[in-house]
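Structures incoming, each one as structure tokens.
Shared between the two complexes below is subunit A, which has subunit B as its partner in the first and subunit C in the second.
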Partner chain A sequence: MSQNETKRKVAFPMIAHYNPAVKYLIEQGLGQIYVMQPAMTRRTMALGEKLAPDMVCTPFKTILGSMIEALEAGADTLIMTMGYCRLGYYGELAESILREQGYTFDYVNFAEYTTGRPKDYLKALKAITPHPRPPKVLKALKEALDMVQHIDDIECQYYMNCGFETEKGSFKAALNRFFKAMTSAKSRKDIDRGYRACLNAFETLPVKKPEPVLKVGLIGEYFTVMDAFSNLDLEQALADMGVEVHRWMNVSHRNLDYPGEKNLHVRIKDYCRYEMGPTSTANIWKAKKYAEDGFDGIIHVKSAGCTPEIEIMPVLRRISEDYKIPVLFLTYDTETATAGLMTRLEAFYDMIAMRRKVIL
Partner chain B sequence: MATSQKPVVGIPRALLYHRYAALWQTYFKSLGVETVVSAPTDRVIAEAGARAAGDEMCLSLKVYLGHVASLIGKCDCIFVPRIVDFGIRRVMCTTFEGLPDIVANVFRDEHLKVLSYNVNVQGGLGEKEAMIALGRELGFSRKAAKKAYKAGFAAQKAADDAAAAKAEKQYKAKGLKIILGAHRYVTEDAYYGRPVIQYLKEKGAEVILADAVERKSARRAARQFSPTMKWEVSREIAGSIAMHEHLADGIILMSVYPCALDSMVDDMIVRKLKDSGVPILTLTMDAQSGTAGLETRLESFLDILTLRRRAKQEVKA
Partner chain C sequence: MKKEAYLGVDVGSISTKGVIMDGDKNLLASAYIWTEGDPIGAVKRLIEKLGAQFDRNAWQVVATGTTGSARKLVGAMLGATVVKNEITAHAVGTTAYHPDVRTILEIGGQDSKIILLENGIAIDYAMNTLCAAGTGAFLSSQSRRLGIPVEDMGAVALKSAHPTHIAARCTVFAESDLVHKIQMGHTKEDIVAGLCEAVVGNYLNNVGKGKRIQEPIVFQGGVSKNIGVVKAFERALGAPVIVDENGHLMGAIGAAILAKHHDARKVFDFGIENVAFKTREVICGQCPNRCEIICVYRDGKLIDNWGNRCEKGDITARQAKHA
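Our next item is the complex of A and B:
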């Protein structure tokens, strides 16, 4: 890229904890500036809710709000992802809404480049930076994807252990240091150092786990189950009750490793003849696996109106019956509040704790 | 239950039945397979569906499950195709991807046998091959299955062409013309959609179904209208509306609660047509209210359209 080109200020909607990896790719691979909008709040939701169609699924509203906050933070270029469900149409509708509001920005909507020819995604890349240097881009992409895997690994370990720390807040402090390191990383070395430091901390921080420990598996809709703001910090709330929280669904498992998980449907053939939707097979399989592995409960998380997740609920009920494992179904919309959620979680916790006592 | 060797196939009169009735009926008839189609939706079917279904499922899926329930004991298997897509940006709602397994799990205790065929073009399975495979599964030769598909395909094409031709004629009618943009399983449903059409007709309106259209042209128009719209049926409806809105006095977008596709597509249609000035009414039906309260809204919409038309004619005069 020539020196006198002005750099773009690029932003991406806030999605779970992955934005540091997007930032890394944009800055190290594409040589542009990344604008990190603030973490999502009720304001984000309110901004999106006001402009979005009523009945659209909740993630559209938060993503729209987070795009507005990115523009407010100075972004001039917005990137949007494609997706298998309604997500694939988010981009175009969001653009139309934002333009109508009078926002000016350049827009790179990957859904427009979904043509069946993977090469066309290169065009999207060129829309961000006119002269990408492929080796540099590929190297940064590889490193960004490694960062995604680190983020997922750290989060998995965090929610499995933080509920049992003996020094209050020690795990959270290590986690925060990790995300800070990922956000400011400029090289593979920075990424690895931050990752190792956090792993180290998690290994050495004192924990006291009761034996046996209550284990809950989380499954559900791709966005809401991963995004702590959208699920009202469900995982933390459970961990704070003294639960070992497992969540398989993340970008590493669903997107990076998943294509290698061939024939996954064979493992659920007692329940399903076909794939039922974008994440359905994985969720059904994982629910069955949690049940087989002796978990105490399963929580199914989704936003209101998420069709594919609504439609696997009959299957999850069958798994619940067959394995005698309690399943809590949580539906999140813009009205869902922490108080109501906590009541349901506490009741669920009491139930699985009591069951455990009876079984023992 | 069945005395003959061939099973009696139960077909729910809901969801894609309203799109593929000719194909399915002709196909089974050609093979000599006996079918029984459930009765048109009534209150009993609708309520049975609501009981069997999950609360959060869309109204049309609830209705579908009511039809399945009504067929129990009347057939040896229930015919529930799985239709994922017809190519890139030609996908169906995920409900049609999961439908056979939804039915199997909801009615597991009834030990229903689900008969299916699987269309997934991006996964390499076209409709023709899928329906030939279905015939093989039923014990027919490949040749017989192919012949049955061919007959079914021709019958469906004739029905679709006739519907499109009828709609084109309607666009030239003299009366108050209203384009009804809705999924066929909503407009054709005897309990929910039909009464709306009936009401409009009684009031003298010419009701034109948006999805009665030459599909290829409609898809092309949709590509101009909204490039990343990816749902097959939504593209037919939106494309048809884009092609014909200038011929209509008004547009009604009728949807069931909570329709994933319409939640975004209807909003986009309203946005895109804002400058065209054609009045648009959006209606959503849910299991609780059904069609109650719709009449008032339809009546005032018709009044608006009539006044607008009169004003236009006066300008011309």
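Our next item is the complex of A and C:
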């Protein structure tokens, strides 16, 4: 193996807070350089919106914008994920749009390799690094996946507690330190240290939670529900009102520890008989679970035109009636004004808070 | 000792509403004027009107609530003690007069909503999202096309025996369908009645979709003044629809009641006529997000700002640092 090979500068679209884990795998496992583009802003959206087909769902626009920002930041190799809905085709579409715009880059679209055959996964690896060392790759992959689980765990705890901090901004500061630690991690030790430091901070930071506390469960389309830029910081806005925000949907739960379609289907057989899309079964199951667990409300989040999530709305309305739990439906497009969202959220908060007062 | 009164102001896209109430839900003063794209000017005129109807020697406004889409701006202007979204304000205002209401239908200038209640508590609501077809703005633009003042549309609609079917999915479709029907020779009465039905159809298909509409049903917002739409609702729902005489003021009434129940107290002295309020939009240049920050000035002094999404654009913090 030649040491003089020039390293690739690899980038991945900004997706929620998972990029540090991708960086870890690329740098520690595959020995390449990872290029981290800036966090998504309105500029990202504007770049994507200009080039994307109008009717495509919003995440495609932000992902495309994010790819352009990665190329501007010096990346020469782009990786794109696969998916179970239209997302599976987006990799191909993004590539052809970028090539038409005259960008030059190497492209590794996982949708072309995820066939289930191990040989094809090895091909994907080889597309990034010509001589992968499987033990090193596997070790880094395991560590990166552990990092993903840590990120999800920390985020869950953050949104459940940050609304009740007594020192304003203390939870956010700990969270930012955690993301910094994950971004700069070079070994399992670094990952574990950053994770434990944040857990420790969350445990010791002073909080004042009323008893009982208002609990809201978030469900919805995979990307928009997880990505704070895309949902206009919905979770933070709710937490700031004094709500314990729960979101089951994340990469750990949906991809790494997923109970499986069949298992989940048994639990929701009163509501649906068929599989409806990549996250539909899980969302219906989780909505029912939130209702059974005595949550005060459910918020369903999707980008405009997300067919699988539109299809589960009637089922959610039935759950809402059966369990007498309010469900707020939010649809996001490329708008960035928060006034309309805040009106709906404030009204939702008032409603669940008043209900709670009457029930008690 | 002056008696306590509460001011409620509801500033919508089309109209600006205000009430002054005593502690027993009696109206001491009320006013309804057009916003005309100038919420600050409208509120000044509104306050002048309210002040003239009201005995300032006997009563004192001790708390102020604002609601409607300009609630923040107007809240900063009036020094409001409560700033509430219009959904909550409407639910609170309506249940004060109709405690057993189960469904509130509300159609305003730019938005429409439905609120479902049980035992005086909102249990579910929905608001129109992307489309203005089922709202007052649609009716007033069509009234101009037909040359019938929007206030008269209800009465004209009642004269029709065969409402013309008009596609109600979206304003643009509805408009082309309407033009087509006019050219085909349908009478104006039938067209206006068809428009009222289109508004109801659009509302029930979008905002009311999947909601169980139960009696008693209260209909409010500016469009509730249109008797043609009220009748169309009754036909579509097969149930009586109540329109309160103060239905157009319900948001303001709700805001005043919320101000009363809230702990905060601040005497309002009506002295805003000669105060200069200005707003300015500042685009933050700290990152590519370019937040549009709205700054509100009272006599040249910054009293509030919003629209900023991170600490980098925190104007008050920066001012404190420079002070």
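Following the convention adopted for this analysis, the second predicted complex is superposed on the first by the 352 of 360 C-alpha atoms of A that agree within 3 Å, B and C clash if a C-alpha of one lies under 4 Å from a C-alpha of the other, contacts with A are read in each partner's own complex, and residues count from 1 in each chain.
Just so we're on the same page, a contact is a pair of C-beta atoms (placed from the backbone, for glycine too) under 8 Å apart; a residue touches a chain by one contact, two chains touch by 3 or more.
All values reported here derive from a predicted model rather than from experimental measurement.
When subunit B and subunit C are set side by side, the one touching more residues of subunit A is B.
In the superposed model, A:Leu93 makes contact with subunit B only, not with subunit C. With both structures placed on the common chain, the touch criterion links A:Ser66 to neither subunit B nor subunit C. Legend: residue contacts after superposition of the two complexes on their common chain; A:Thr331 is shown touching both subunit B and subunit C.
In the overlay built on the shared chain, the residue A:Tyr271 is in contact with subunit B alone; subunit C does not reach it.
After overlaying the two complexes on the shared chain, residue contacts for A:Asp233 are found with subunit C alone; subunit B is out of touch. In the superposed pair of complexes, A:Pro314 makes contact with subunit B and with subunit C alike. In the overlay built on the shared chain, the residue A:Met354 is in contact with subunit C alone; subunit B does not reach it. When the two structures are aligned on the shared chain, A:Pro53 is found in touch with subunit B, with no touch to subunit C. Of the residues of subunit A, those at positions 304, 313-314, 317, 331 touch subunit B in one of the two structures and subunit C in the other. In the complex of the two chains, the subunit C residues touching subunit A come out as 69, 84-88, 91, 119, 121-127, 129-130, 210, 212, 287-290, 309. Chain contact summary for the complex, subunit A toward subunit B: residues 53-57, 60, 85-86, 88-89, 91-93, 96-97, 100, 109, 111-112, 114-116, 271-278, 280, 304-305, 307-308, 310-315, 317-318, 331.
If you check the complex, the residues on subunit A that touch subunit C are 38, 41-44, 233, 304, 313-314, 317, 320-321, 324, 326-327, 329, 331, 333, 338-339, 342-344, 346-348, 350-351, 354-355, 358. Contacts from subunit B toward subunit A in the complex involve residues 54, 56-58, 61, 82, 88-89, 93-95, 97-98, 100-102, 104-106, 108, 114, 116, 118, 122, 226-230, 257-268, 271, 284.
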